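Once you've had a glance at the structure underneath, I'll fire off some questions.
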Amino acid sequence: MNSGRPSPLRNTRCLPSSGAHPNKDGTNQRSAPLKLIAEHLAVDRGGRRVFAGLGFTLTAGHALVITGANGVGKSTLLRTLAGLVPAGEGRLTLEGGEPERSVAEHAHYFGHDSAVKRALTVLENLEFLREFTAPARPQGFAGKALASREILDRLGIGHTVNLPAAYLSAGQTRRLALARLFVSPRPIWLMDEPTSALDTASEAQLLGFMNGHLAEGGLIITATHSRLALSPAAALHLSAAVAPDAHEDTEEEPA
Amino acid sequence: MALIDLANPTRFLSLSRALLPWLTGLCVLAFAVGLYMAFFVAPEDYQQGDTVRIMYIHVPAAWLAMMCYSIMALSSLGTLVWKHPLADVSAKAAAPLGAAFTFMSLITGSLWGKPMWGTYWVWDARLTSVLVLFIMYLGLMALWRTMEDPIKAGKAAAVLTLVGALNLPIIKFSVDWWNTLHQPASVMRMDGPTIHPDILWPLLVMALAFTLLFFVLHLMAMQNEILRRRVTALRQRAAAIRPATATASVRSAAAE
Amino acid sequence: MSGWFSALVARELRLALRVGGGALIGVLFFLAVVTVVPFGMGPDLNLLSRVGPAILWIGALLSTLLGLDRLFQADRDDGSLDLVLMAGRPMELIVLAKCLAHWVATGVPLVLAAPVLAVFLNLEPVAIGAVTLTLLVGTPALTLIGAIGAALTVSLRRGGLLLAVLVVPLAIPVLIFGVSAADAAVSEPMPFLTPFLILCALSLISAVVGPVAAAAALRFSAD
């Protein structure tokens, strides 16, 4: 029982960037960049507090690498940012985002599940996500939608476009899942162990893509065990800092 | 505001502990008076004889079967709209009570039906509606039991409760329609303005007694649920290898 | 809006056609239910023609409910549900699109099978037409109401049975008016149009209540 939730999360706030007046000709490089701000996030899952008091600020073009031991809440944090796990407390804001959309609608979530339908062909999978996922193109984010075949070629699975996805190997499925990040541009990438099921060469290629996304003014938040050569990057280490006994999520005394 | 104060389970527990003895006393008193009136004051029916006394159990039970669902629907609104932390506890505690009262009204209804209709069960519009309500209570309880996370279970059950609340009038209407197609109208009409005061008063006292009984049981069930969740939380904390709180530190970005 | 909506419907239809022949199994189950009834009740053709509309409706109800448990669960299992929730599209319309596709893939075959099965039950031509028409109008309501149960049980491993238990009480009005309308078409004094129009109204109500409730349940289910 977590009693008393004084401040329910308002995680659907997107502030228009302060003083951002887009030029009439559409060039908007001088406007304030995107800024993702998390304040005092706390998440409960199954009655257990996973983390509390978590905050960070991430500006466009930067990556945030989340590290920490297994089970400390890295995946939960990413899913909270994706709007899939409700936060018990705290606030998540995207400055400069499109005002009508929530933070999660500015984000791609690249998690453990590939979300690939095995009965559909590779191209059908990707084309569906292109049409279905609403792109988010706030000012200052230069990401463009790529043609499906182009990104599949670049990912090295261009020869499979007309095959049902059931025939893909684990690594190929993973790359197909990655392709959706390019067909519907969104500035925030939330990546949970992005290099799993990828060999060294593919990993290097993925890093190239991620750095490219940063260069276009995107934001990446990734949870990883391996070192990722992302730049510029900040680190967020989730650690167990408070002893179990000093843990304070219940204000009720045993009566 | 009282409801806000009650958001704290500890405060709720102490308040309900203070309230319970009084409620229990009132409930016992109301039952004593109500049962006495039902058995010794109220007259026999000239047609039904002593059988009519089943009504003093049946009608309040049926009334509570409805009230329970209303309280659950209100609690569900509390869960989904106002996010009151005790709302899903209240809804969860009310469901078995509602099922029990519904069951009681079904049983007493069929016991009354045996001498009146010559059979224990008739697909009468009211009995059928109450049976559907009973199934809905059991379905809700099953949903609570199958979902492990109490918060998620509470929200799912709240959605279902509200859908059910929207549907109940439709179900009632369609069962009435169906009934008029297949059967003559029911003989069981206790509502209507012509109830004699000798019958009405015992009925009202019994209704009050049942309502008090519901609140006593509801408060006790809510206390149990709160304690059960605390036990779960303590066990989870005991099982956790690491503390449940993580702190974050951000070093400033390299390129800035 | 129409672009993504039709894309979703098209994807769902493709999946329904390619995976496991879900529509066919629904019709087979329908056939099985209708076949076992005479074994239980005896082959009296007069009796069968009298209860025929009810049997067809109950068969349609059961096969609709049994086919619904994977409606959202398949998406949850492979992670698609996360993307659906994040897609920036109204969840209610997403549910509506999925129900539409599911109904086209599994409900319409039931409606088409109904006249054939009605012959087994010795229904008159008028009754066959009436049952088929009521099924055509009423099965969307069953799918939409069932979607609520599917969304509530999306996170449960074996939620199919619970889904049926939760949804059956809500589906009772549809059953009542569907069978009433079909019966009224053959028995003289009763009007056909009244229950039929109420059935239409029930389908329209479920087209609102179903998606709204299912969308809420799906949002709460994510974790």
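Read from first to last, the chains carry the letters A, B and C; within each, the first residue is number 1.
Following the convention adopted for this analysis, a contact is a pair of C-beta atoms (placed from the backbone, for glycine too) under 8 Å apart; a residue touches a chain by one contact, two chains touch by 3 or more.
Values in this document were obtained by computation on a predicted structure and should not be read as measured data.
Chain closest to the overall centre, judged by the mean of its C-alpha atoms against the mean of all protein C-alpha atoms: C. When chain centres are set by their Cα atoms, the one at the greatest distance from chain A is B. With A-B and B-C as the two chain pairs, more C-beta contacts join A-B. In this assembly, the C-alpha centroid of chain A lies 37 Å from the C-alpha centroid of chain C. Per-chain Cα centroids separate chain A from chain B by 44 Å. Separation between the centroids of chain B and chain C, computed from CA atoms only, is 31 Å. In chain B, the positions touching at least two other chains are 149.
For chain C, the set of residues touching two or more other chains reads 223. Counting only residues that touch two or more partner chains, chain A has 45.
Only residues 1-5, 8, 44-57, 59, 62, 64, 68-69, 71-73, 231-244, 246-247, 249-253, 255 of chain A touch chain B when the two sit together in their complex.
Those residues of chain B that touch chain C in the shared complex are 80, 132, 135-136, 138-139, 142-143, 146-147, 149, 152, 155-156, 159-160, 162-164, 166-167, 170-171, 173-175, 177-178, 181. Touching chain C in their complex are the following residues of chain A: 45, 79, 82-85, 101-102, 104-105, 107-109, 111-117, 119-120, 124, 127-129, 131-134, 136, 180.
Interface residues of chain C, counted against chain B in their complex, comprise 148, 152-153, 155-156, 159, 162, 165-166, 168-170, 172-173, 176-177, 180, 190, 195, 198, 202, 205, 209, 213, 216-217, 220-221, 223. Chain contact summary for the complex, chain C toward chain A: residues 3-4, 7-8, 10-11, 14-15, 18-19, 78-80, 82-89, 222-223.
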